[in-house]
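Both complexes below contain chain A, partnered by chain B and then by chain C.
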Partner chain A sequence: MTSAAAIPYVAQAPHPDRQRMIERVAGIGFAFPAFLLLLLTNVVPLLVLLYLSFTDFKLGALESHFLGLDNFRKALGDPVFRRSLANTFVYVAIVLPGAVGLGLLVAVLLHKRKRTRSFYEVIYFLPVTSTLIAMATVWQFILHPRLGPVNGVLRAMGFDAIPFLSEPAYVLPTLAAIGIWQLVGFNMVLFLAGLSAIPRDLYEAAEIDGCRSGIDRFVTITWPLLGPTTMFVIVTTSITAFKVFDTVAVMTRGGPMGSSEVLLYAIYLEGYQYFHMGYAAALTLIFLAFVLLFSILQTFVLERRVHY
Partner chain B sequence: MAAPASALPLPAVRHTTPAGALARRALSLVVVHGILIAGAIFILLPFVWMLITSIKSPSEIFAVDFSLWPKHFSAVENYGRALSKVPLLRFALNGVIVCAGILLVQVLVAVPCAYALAKLRFPGRAALLALVLMGLCIPIQVPALPLYMGLAELGLLNTYFAIMMPFFLSVFAIFLFRQFFKSYPDEIIHAARLDGMSEFEIVWVIVVPSAWPAIAAFAVFSIVAHWNDLYWPLIVISDTNLATPPLGMMFFADAETGSNYGALTAAATVLTAPLVIAFLIARRRFIDGITMTGIK
Partner chain C sequence: MSIRMPCVAKCRRRSNDNEVASVTLQSIGKSFAGVPVLRDISLDVADGEFLTLVGASGCGKSTLIRIIAGLEPQSTGSVLIGGVPVDHLRPHERHVAMVFQSYALYPHMKVFANIALPLVMSRLRLAERLPLLRLLSPRRRKVMAGIADEVHAVAKQLQIDGLLDRRPSQLSGGQRQRVALGRAMVRQPAAFLMDEPLSNLDAKLRVHMRSELAELHARIGTTFVYVTHDQVEAMTMSDRVAMMDNGEILQLGRPGDLYARPANVRVAQFIGTPAINLLPAKANTDGLVELFGQQVSVRAGRSPGSALTLGIRPESLTPAPAGTARPGMHVLAGRLRRSENLGAGHILHVDLAAPAHGSVTCAVAAPLEAFACDGSELALQFAPAACHVFDADGERMNDDNAPPFATIAQSRARALT
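Right, the complex of A and B next:
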């Protein structure tokens, strides 16, 4: 701005003070709609949620009472909630290594393919763009004990049919497999981006130093340099898996016998089916606490990425 | 890939013979493609099964000795039933309306805000930026409960507005565009100011066209997310005519109580097709968009 003022022929250029004024007015004007919407859709709801979590508010009830921390105490002792939390963590514990490991494996194998790379890329990415609800309905059919092809093949090979979705012990691993199915392509794309950032001459240098086999190269170069990407993928996968809802809502509705009831599904039932707003608000805050924990991990990781 | 090794003036010591190297190379190719094809089969299984079932006749679907390829085609019956039993095309249209409405408002709101955060000095900028960064960590399921109660209070449940409203502000769009705008050269903005352009014109005429890749990437991210979102529409919509594709699919699955798989898979095909076809046409855009938005 000062340099502009020094040039004589641009006499009509705004005075620095005027320019500062314009910036203030324009800045506030430009930011205002976003700020207003941010208040309406995030800040105010969050405050209301906090307030609700201290009450026994029910939709349609005439009055509500202040309960203090009772909702949170109730949640900690509630077997249904504890089971849904445990189920969610089991689900994350299966999806996380599966989706990250397979995504990495596919990306590493694809990275050096020239002609077939985009062919595989399209296939693996397909679940990311497809409607999970529709595909969940199809999966339900595929895993059907009598009519599905998976059990058809098992029977043809002389095994007993597996009741994937009706046996409590199998239902979470089955849902997790579908979660992995959906996430592998997404993680693959992130890993491919990370891989292409690794300088090619590092591999050549390693080869001269006697790093010949693919596994050697992976251990000495790819894995350490991919570290930040890997950490990032781990965090996003954890959050996505933690928010599992769609497949549960369509395929099992928490069953059989609550064995697939997950956190968001429990919140959905309490809030929008039973209308226990106060209790659902408390559960939502517990849900948020976990998501924030993952997010803090993510900022920490991103911080490290910058210093790398 | 084998070429550099054989092109070396000195034969590589560790390779016994060229034939041995060739055999190893072939073996690794077989292993690599073996793994990739096995994975691809797992990925494609539901898509293939969906398409095949959607053209199979009911008697074959319920036959115990299952076959991959149908002997009798019932595509017309299955798709006809799916289209007549529930307003499938209406669901798809609702998906288009909702995605377009959300994206339009998101971009109109986020672009000026992101420009202000990136290039203008105004009071409250740091606080707003902090709020935006905080907003990045809050998933829709958190404000959903109060928003639902508010919309119910205002009698706005079962409207397009209710489906779209929580997503009008995308903190993520603000964050992404701000990153992009920050790298826009200040000299050009100064020059535009000297030419007498207003800040409004600078944003929409000068800066936005250069941010096209970021906007396209965000559009892909937003459309994929909202076409496929179930949680929020499930809460605010009970009217079949307003259902988005996932919700419509759920209504249909409930109505059919899982008995007519031919029609169910036909419906799934119709509702999955628009995005998948768009992806197949613009696959680079999709993958780049998801990469850019995924890495943040």
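Right, the complex of A and C next:
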């Protein structure tokens, strides 16, 4: 083989190595702005967070000490943290099936409507567009033991008033119900998109093949073909639910007696009320690990079942 | 015609063998939002017959087959299957199977489950089909074993028994088509309804599947109602063809009849490739047809002076060098504009001598002869018997002048019955 160098300057295209070099530089050049942005907004803060979690840094303190894994050790034994973790899981366990199930139900019911569909869509989607902080205040009024209309109706019907937000046993389900109310519209829209992607032919074929009832159609066609949508909805819903904060901060402040203390609220208290930044950083890392684990687990478990 | 696969014959649950699978339509009408798409359609499909509904898109043929299937309610009239009105019955209760243009295979199920579904639906109760709950049923396993046997038998018949573990997305178009057929066959329906089943296949496979479908019909002998916009499919596979246009049946008859004796201009234009030549003509004082001033010895059947349309099929025109004449043949003089080589023959596009007369196409089976190069003058000869005469409304006139093809059609018809 004659080497390329033996031919004096006739090559029209640059030397392959040079060509590869140019492509690499161009590629890096194009990716650089996005990479820089990602670095500044995600990677650097994460690294700072990681560093802080190994120290006893307090906001405003002039010096801090390296503690190693002490913060994490402390978290494992901290009753407040453990309670907030447990509360968060209970909250997710209520919101996830509620928001996904109701979202699916509403979507299936609305899908066949023609004239009234957009009307209901708007109604169910309104909570999504509203600011949850503001809505939390409204909910606080609605559920107020003495002034709220809900308890007003209950009393008028002869029942006792229910202390939705002041009874430890009721507070998490109440917050979860508000969380569901806020998420149903969003999930509904996702499910509606999934439903309209199912070819009408399949329902007709199923009708001829003997799918008699709505249940038959749902089990045979709708549910399996909504698999990818459902997986997406489950992942986004559980992460959103895991991040519950607004309603707790506005309505209960973790009370009564810590019964509505959730993970993000505990982190907020440690960091911004008690200024234990180092400890809060450690808790945040644990929180992130959970969210990551959640997504990975669901992606892998569900992916195998929805793939076709 | 009546050869049935042993399994099919054995499993068939029929009370009266020759009546059960006929399909009868009694003055079916359908309108969408006040716009009529089907007008007073009456049709009788005999048991075991292969009937094709053919027509351009929008003629109502798909709506009609969907009405038979029960997917669409008719506005007026009645559907009878096996002589029994089925208007009040849901699609699956009508015991018909349908093959869709898109195949409509269930993408999340393997081929086996796709074919098995109609049997699973009819033989297992709802609780036995639901996940988890079905584990409680003791008879489920036995029923499923029976279903598996039938699915395998059908798959073997269609030569897809090696594909049962695949998903539809892993199959080629032809294989999907077979799976769709299998799903239709496995339940041994009273009738097969096929809505353009070959339209999504490429041309070569379509030709192949055409003969396979015809063979399948001959083998299982079930009633087929077949919808297509492709006149070749209609002509090659069917016992009878119903040509539809604008929500009406224009002509119902054997394929040969539609070709040889089209009931009107629209049928004549639709059936046959290349399309029939339609020339303006009129009735002369002798009661014969006058074409471009020359008398054609075909009876006009209309009062002198009334406008007519003369139809001559491209394959009935014989090109000859200009000026040649043959006794008993009429001649159209023209100039060859373009010829298309089809290998086995040629299609000639000929401009008629007088510019106002337009142009005609002419199909020749034999290799082109020397005289026929572009621009050469030709004499196109045709026999009076090959002429189709239509009146001003486009209806057929010369029933007593049936072209020789009618005899072919009749012999085919005799072979069929």
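Basically, the second predicted complex is superposed on the first by the 263 of 308 C-alpha atoms of A that agree within 3 Å, B and C clash if a C-alpha of one lies under 4 Å from a C-alpha of the other, contacts with A are read in each partner's own complex, and residues count from 1 in each chain.
In this section, a residue touches a chain if its C-beta (ideal position, glycine included) is under 8 Å from a C-beta of that chain, and two chains touch if they have at least 3 such contacts.
Source: prediction; values computed, not measured.
A.B. asks: Does chain C touch more residues of chain A than chain B does, or is it the other way round?
C.D. replies: In the superposed model, B touches more residues of chain A.
A.B. asks: So, does A:E261 touch the first partner chain B, the second partner chain C, both, or neither?
C.D. replies: Once the two structures are laid over each other on A, A:E261 reaches no partner at all.
A.B. asks: Based on the superposed arrangement, let me know which partner A:I208 touches: chain B (first), chain C (second), both, or neither?
C.D. replies: A:I208: touches chain C, not chain B.
A.B. asks: Taking the superposition on A as described, I'd like to know which of chain B and chain C A:T41 touches: first, second, both or neither.
C.D. replies: The answer is first: A:T41 touches chain B but not chain C.
A.B. asks: Regarding the shared-chain residue A:V219, is it in contact with chain B (first), chain C (second), both, or neither?
C.D. replies: second
A.B. asks: Of the partners chain B and chain C, which touch A:G227 in the superposed model: first, second, both, neither?
C.D. replies: In the superposed model, A:G227 contacts chain C only, not chain B.
A.B. asks: Considering only touches as defined above, state whether A:P199 meets chain B (first), chain C (second), both or neither.
C.D. replies: second
A.B. asks: Across the two complexes, find the residues of chain A that touch chain B and also touch chain C.
C.D. replies: 212
A.B. asks: Which positions of chain A touch chain C when the two form their complex?
C.D. replies: Touching chain C from chain A are residues 199, 201-202, 204-213, 215-216, 219-221, 224-225, 227, 308.
A.B. asks: Inside the complex, what are the residues of chain C that reach chain A?
C.D. replies: Its residues touching chain A are 69-71, 90-92, 96-98, 100, 102, 104-109, 117-118, 121-122, 126, 129-130, 167, 169, 183, 187.
A.B. asks: Where on chain B does chain A make contact in their complex?
C.D. replies: Chain B residues touching chain A: 1, 14, 28, 32-33, 35-36, 39-40, 42-47, 49-50, 53, 61-62, 64, 66, 68, 109-110, 112-113, 115-117, 120-125, 128, 131-132, 135-139, 141-150, 152, 165-166, 168-169, 171, 174, 190, 193-194, 196, 198-200, 203, 224, 227-228, 230-231, 234-235, 245-247, 249-250, 253, 258, 261, 264-265, 267-269, 271-272, 275-276, 278-280, 283, 286-287, 290-291, 294-295.
A.B. asks: Chain B touches which residues of chain A in the complex?
C.D. replies: Residues of chain A touching chain B: 1, 4, 10, 12-14, 19-20, 22-31, 33-35, 37-38, 41-46, 48-49, 52, 59, 102, 105-106, 109-110, 112-113, 116, 118, 120-135, 137-142, 146-147, 149, 152, 181, 184-186, 189-190, 192-193, 212, 214, 232, 236, 239, 243, 245-246, 249-250, 264, 267-268, 271-272, 277, 280-281, 284, 287-288, 291-292, 295.
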